Amino acid sequence: MCGIVGILGSEDSPYYTLLALHAIQHRGHEGVGIAWFENGTILPERRVGLVSDLAKKFPKVKSHVAIGHVHYSTTGRSEARNLQPFVINGMNLKLAVCHNGNIVNFLSLRRMRENEGSVFTTDSDTEVIPHLIASSKGDIVARIKTALSMVKGAYSLVMMTQDSLIAVRDPWGFRPLVLGKFRNLKNAYIVASETCALDIVDSEFIREIEPGEILVISRDKIYSERLKPADKRECIFELIYFSRPDSHIFGVDVWSVRIMLGRILAQEQPADADIVVPVPDSGLFSSIGYSEESKIPFAYGLVRNHYIGRTFIEPSAKERISEVSIKLNPIKGVVSGKRVVLVDDSIVRGTTSRKIVKMLKDAGAREVHLRISSPPIRYPCYYGIDTPSEGELIASSHSIEEIRNFIGCDSLGYISVDGMLKAVKLVDSSADGFCTACFTGRYPVPPEDAEFIKQLRLFRDDI
Amino acid sequence: MCGIVGILGSEDSPYYTLLALHAIQHRGHEGVGIAWFENGTILPERRVGLVSDLAKKFPKVKSHVAIGHVHYSTTGRSEARNLQPFVINGMNLKLAVCHNGNIVNFLSLRRMRENEGSVFTTDSDTEVIPHLIASSKGDIVARIKTALSMVKGAYSLVMMTQDSLIAVRDPWGFRPLVLGKFRNLKNAYIVASETCALDIVDSEFIREIEPGEILVISRDKIYSERLKPADKRECIFELIYFSRPDSHIFGVDVWSVRIMLGRILAQEQPADADIVVPVPDSGLFSSIGYSEESKIPFAYGLVRNHYIGRTFIEPSAKERISEVSIKLNPIKGVVSGKRVVLVDDSIVRGTTSRKIVKMLKDAGAREVHLRISSPPIRYPCYYGIDTPSEGELIASSHSIEEIRNFIGCDSLGYISVDGMLKAVKLVDSSADGFCTACFTGRYPVPPEDAEFIKQLRLFRDDI
Amino acid sequence: MCGIVGILGSEDSPYYTLLALHAIQHRGHEGVGIAWFENGTILPERRVGLVSDLAKKFPKVKSHVAIGHVHYSTTGRSEARNLQPFVINGMNLKLAVCHNGNIVNFLSLRRMRENEGSVFTTDSDTEVIPHLIASSKGDIVARIKTALSMVKGAYSLVMMTQDSLIAVRDPWGFRPLVLGKFRNLKNAYIVASETCALDIVDSEFIREIEPGEILVISRDKIYSERLKPADKRECIFELIYFSRPDSHIFGVDVWSVRIMLGRILAQEQPADADIVVPVPDSGLFSSIGYSEESKIPFAYGLVRNHYIGRTFIEPSAKERISEVSIKLNPIKGVVSGKRVVLVDDSIVRGTTSRKIVKMLKDAGAREVHLRISSPPIRYPCYYGIDTPSEGELIASSHSIEEIRNFIGCDSLGYISVDGMLKAVKLVDSSADGFCTACFTGRYPVPPEDAEFIKQLRLFRDDI
Amino acid sequence: MCGIVGILGSEDSPYYTLLALHAIQHRGHEGVGIAWFENGTILPERRVGLVSDLAKKFPKVKSHVAIGHVHYSTTGRSEARNLQPFVINGMNLKLAVCHNGNIVNFLSLRRMRENEGSVFTTDSDTEVIPHLIASSKGDIVARIKTALSMVKGAYSLVMMTQDSLIAVRDPWGFRPLVLGKFRNLKNAYIVASETCALDIVDSEFIREIEPGEILVISRDKIYSERLKPADKRECIFELIYFSRPDSHIFGVDVWSVRIMLGRILAQEQPADADIVVPVPDSGLFSSIGYSEESKIPFAYGLVRNHYIGRTFIEPSAKERISEVSIKLNPIKGVVSGKRVVLVDDSIVRGTTSRKIVKMLKDAGAREVHLRISSPPIRYPCYYGIDTPSEGELIASSHSIEEIRNFIGCDSLGYISVDGMLKAVKLVDSSADGFCTACFTGRYPVPPEDAEFIKQLRLFRDDI
């Protein structure tokens, strides 16, 4: 769960990179990093915090090219060392790398490089990529090709050299990556995780980077090379939850998929109720779809505080004051005495849903029927979504009825895997090739070994 | 435009006060202050920034009583001196005061006290209140009564002494103020600008402080005194825009008033269109009402970035990058090719509406019909809403058609003053006695003189 | 223990004020404040920390006049409220005040003003001064005169109005205050606690402000008024310890008094020893005098770390690591095997001397003979030096032999009161009229009452 | 110009490391770094600023072993990336490295490793050391031996593994490195650049690490290995200027060498004068020696402000306000009308001496005779002292008379190279084997090539 950006062609590339990172801040709000060229050297700036925290203190720097990264979760102190971009400041090779995804064979690749004397300074799976590039031969594109031919797993990458911006998607295409062109600047390009990052810098969407594509952008030309192809496996959870609704990725508008998921959900899991209430903002579009399909009126019954309140929760106050209660407030007048269909995008541990249901009941809701626009999440993701391990995924060890009982709602209904895939097809009949591993356990690229899974856990917070 | 909170009865009153201030952060996001008792002395802590910024560094303090304030606008450097609470650390009187509103005769009151040798350290109208109390005679309630009998204008107040919490609303009742009781603490009370502040600390709404009421809460008793009565004039703009939709003030649910405003607006200002799109979040509920009444489908066509981005706007980039474009993004797939009814709560200068309309047109909207759930704002507010002076209020000097032309929309329609008042009546038939001065120029308590109006301007930012 | 500065006549007065405050930072390193005029209003900036901390973040402000203050000791949280300058931002009177000293009748004056309805916000004795000025009649100088005629105790003041800088010393002249003129700016003046503040801004020493003088400096004229005269009582401890050695105050060079104190000390308290070692830097000049007089060679046996290390002392480590050991280190090769005369300026509690003596003995010193260039401090100061209360002054309850035993030195000798006064006379035969209350208990202006003494204690840290 | 520390044997090793770094802060005040073990991983913390800045925010961490570094000069933004310690967080090798010195063949070593695919992230010469260790074979000591056999130049190193602390000095012994043992902790050791770092943590000086020695300290044993020997070349500038006077390095007390340098200087460069005045604190001990030898009285004529004032110098004010005038102030009464011998340790560019001489003349000194306790610095240092390049060293292109004329003193005298070496011999007759390259141009280990010298320049500020 990270977001990446690269920009080439404006003297203000660092500034535009920060703006674009701000637009995809939802992909990672724990850390931020940016790199640019200055006097022939790559300078990085990486901080724990929000993009706006970095922007506040950021010096005015000029660079023809820049890349940046927002980072999801950092546990504990000193984890600044795991922040991206990663940098090679070699005498003959200067390269910066930002990565979104998860490399499932990074431990054996790392062991290989360490045996050759390479020095790794972090625990991040990403670090192996610059090492493999540095130890490959040929021009930079050849080196990238050789390096990535060894890498398995999910990787959308933006990289920069002194005179080029390079974007890569793994052959399976797990994570999104899109190309845009500045409207008012000649030959200025942006590559980013989502199209909403293009909009904020007034750029036009050109196309997606294709699975297995290496796109090289320099001042005077753009060209592509290809990695060895594989079956496309785009992450369907990006459409359900992770991407912003105003983004266009994997060939579809995210918002329209979500409305359609809500419609199918209403068909598969109808409810006898008075109003449809979204969990803001994750359940917003699917609740609109549910309402449209079911003809049950849409009602805004939970209000979200726009100011972030994580600083407030003292351990001693945790019983009465939760992060949920600081963020959400029910509108009594809307829900009181009503049979409510509550729509959300997913259930991970069930604890948040439980608090929201209790909140609605305390506010007078007569019944709460929880409807989820994704199937039960039963398996951990190895490709970049920070789901917890199986033991903590409530659906991996509990029946629907047990989950309903834990959450305390009157009924609980998930969309089916088939329904989910059908929803995407209804938006774009050619949509195909999704990774559904977290629902089905069918991993397109199996994780390397037990140690990888353990290592992965070290980077993950409670969600 | 400020928010106030006071809590008595828990050792954690300072902590709960911060939480409650966070819930009403929308009433003022430039500065925050809190005061409590420690070793028999009032200690204040005031900072430019958000409540969460203060909370992050706030020491663990214990005090049976605490009050706090969020402050709207501070211009330029060193304005920390105008932040509240105001404090009297006298040898015989220790009192802290937080104020929401605007005192229209504060200059002559201040002149009177200065003539008696009192020292004023700020430019704030609020400072005169502790001075009048300090120079009055009798017990604390008598002093407050004497002091406030001289004060004209809008004032909701929370005050604390060593052993009591005191809440006051001016006789006209311009600003809201509500009383709550902690659910799980015995004899613990909260007074706050809005009920959403009660919810976050798990308190039950008891009732509103009444216009002209002085409510005194101590450990063992609660009682009221009355100021000289006046005609009730509650600020209707609180219902239209300023209060949170999940709050209950002036006897009505804010959200339900907004939905009704949208319905009446649809009746008065119909549009031939395909979708109703809200400006998030200010136009959300009125757009739902508009959609319900007009039967034009509701569609979520503008997405709001939840992360605050004010730090980004470099002067040099202002032409291309505006605060609006950093905060809002249109969903092309929703609006493209559509005739859009865009619903918002108000127009001040017109510049923001203009940018949003352009944004929708650039995203392919065929027509944009702007509908506003308040009448044209033609007159400045002297009672605590930070509207700019007449010269900058577009509606004070332009016809509707001129405004439409400036904004660039295809049609423009405001609700009427009668329609607005009718909407509130439809929610609560007994609702009455509102201040509509910003629409009608009928000021219930005329401002003192030209100097006051000039002084007022010094405190106001561009909105 | 504070330092004050005022500058008039340069557009950069705020900047020069910070520089001058930096030069007298030794008079107070806990807090700093500055005030200037901007758009006809006084803006203050006050912070806990060093002058350089404030300077780092200080905006570039222009003002024809500015005053500033360094503050000695602030206990605990939120004490920022006690920092100076104090400000009157009245409609007809704008005045800022900085004070060095201690007002012994401030409680009764404050009570008087509070009875008239004045609002005090701090616990500081200084706050009564602006209140008395605000409640007096006439032009500003008449008001100051009336106000100060009521005030008893020590006060050196700098004040500013829109067009003037005003400097006052109390009739006893307890604290120093000097006047300088900028060398390269026409009609630009500086008033400061010590002449070293003049040097740093390239100003020429003109003369001292005289006891009882009110000096008014404006763009076009300088003139003086007089308070009712009293017997001069300049603080001799400024010469012994508090002022910088390169300053010239009370008509004498501080360094030369200290050398002379060392000489008389050598006469009165000779020692049979091999080397004279100063406690840096407080004992530096007196040790040079001691060495010159006694013919015992001067040796630099204790090195001071120039970097401030207060942040280091964890409570748990306090046994092994003290502030003394972080600041000072003995040079073994210098002191080992030697009989050392250790010279310092004073003993307060004796704990620091004890640690230094132990340090020298651990480094191999054969004997340590402690010589003190002031008489035993037996009584608290009520005029602005932060000595602790009698109970904590080791000399108020212990004999010399008991103190020697506690400190662990081989012999201990103080200069006599007569010897001390003689030393000053030898530098300037006309020198006369010193306050020696801390040594003799003869208070020139008796403290008001027990409450004052208690109140005073609240502001004092452990030294 | 850096300082290094390593501690093993206390749970509070990180805390003690910070304390010890504080004691050698004079070796580098631009940046600080520390590394320790936590849950089997090396965690580093590196910041631009002082040790006390880091200490203020440093979390309480426990680790059996820790190392740290103070860094001299960092130019411009983002140079945090060049701060030490360097870390290997490999799967089979976890190692942190701190370095004081300069590796003259690092570019060719780096090129060699880069050709093998190693990734360098900084411009620092130090980074090559962990790379060479990582690519060597055998146990950790064997790897270090192999690695360092390739390295030419100056390197004192402290390194840590999970269970050991390793200290190394290059075969020439350019930079100092000493071993101490905690007095009150069993089997707890400290290695540091200077003995003053041992004193602050209450440790006993055991011995110096010898040139070419690899000392390995673990919980249960201490042993040494040797690198291939070379002729000893200890940096004489450490004795003249760089080390603290209370340190004992290279077999001698630093202070006593400096006093002897002053004596020889008085013999070689006598002056007809009234007083000897030191430039504090660099000229303190040599001026005492000069005074003793010449019988001209020692006088303290320049006072140093103990508070750091670099923040003050606005570009616009630079003409009138210099860093020298903020730091030093002459005592008029001491120098006025006097013929002054001004003693300092060295002249680099001459600009600082020029300002001090002017300062003394402005204060009334009749004559100023500048005496320097080192020979003229004519050649850049390639072994870790940040002298500027030849072009900026005034003595490399100007005669003594030209320098005198530039500085504006009445006479100028340097000690001779022979006199300097004789002074050390007089303190310890066995003292031998010093590097005098900066005076003589005789480089014991020639720099690799022109690129190295250019690279070196990038790291150096104006001194």
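To keep things simple, chains are lettered A, B, C and D as they appear, and every chain counts its residues starting from 1.
Everything below uses one rule, namely that a contact is a pair of C-beta atoms (placed from the backbone, for glycine too) under 8 Å apart; a residue touches a chain by one contact, two chains touch by 3 or more.
In this text, all values refer to a predicted model and were calculated from it rather than measured experimentally.
Engineer: Which chains, if any, touch chain A and chain C both?
Structural biologist: B, D
Engineer: Between chain C and chain B, is it the same set of residue numbers doing the touching on each side, over half shared, or a different set?
Structural biologist: Both copies touch with mostly the same residues.
Engineer: Centroid from C-alpha atoms only, then distance chain C to chain D, rounded to Å. What do you get?
Structural biologist: Spacing between the chain centres: roughly 36 Å.
Engineer: Between chain A and chain D, what is the separation of their C-alpha centroids in Å?
Structural biologist: 49
Engineer: So, what's the distance in Å between the C-alpha centres of chain D and chain B?
Structural biologist: 60
Engineer: Can you pull out the residues of chain B that are in contact with at least two other chains?
Structural biologist: Counting only residues that touch two or more other chains, chain B contributes none.
Engineer: Which two-chain combinations touch?
Structural biologist: Chains touch in the following pairs: A-B, A-D, B-C, C-D.
Engineer: Within the complex, which stretch of chain B touches chain A?
Structural biologist: So the residues of chain B touching chain A come out as 12, 15, 18-19, 22-23, 25-26, 29, 50-52, 55-56, 60, 184, 196, 199-202, 244-246, 248, 253, 255-256, 281, 284-285, 288, 298, 300, 303, 305-312, 314, 317, 320-321, 325-326, 329-334.
Engineer: Note which residues of chain C are touching chain B in the complex, please.
Structural biologist: Touch list, chain C to chain B: 41, 43-45, 59, 61, 77-78, 81, 86-93, 107, 110-111, 113-114, 116-123, 130-131, 134-136.
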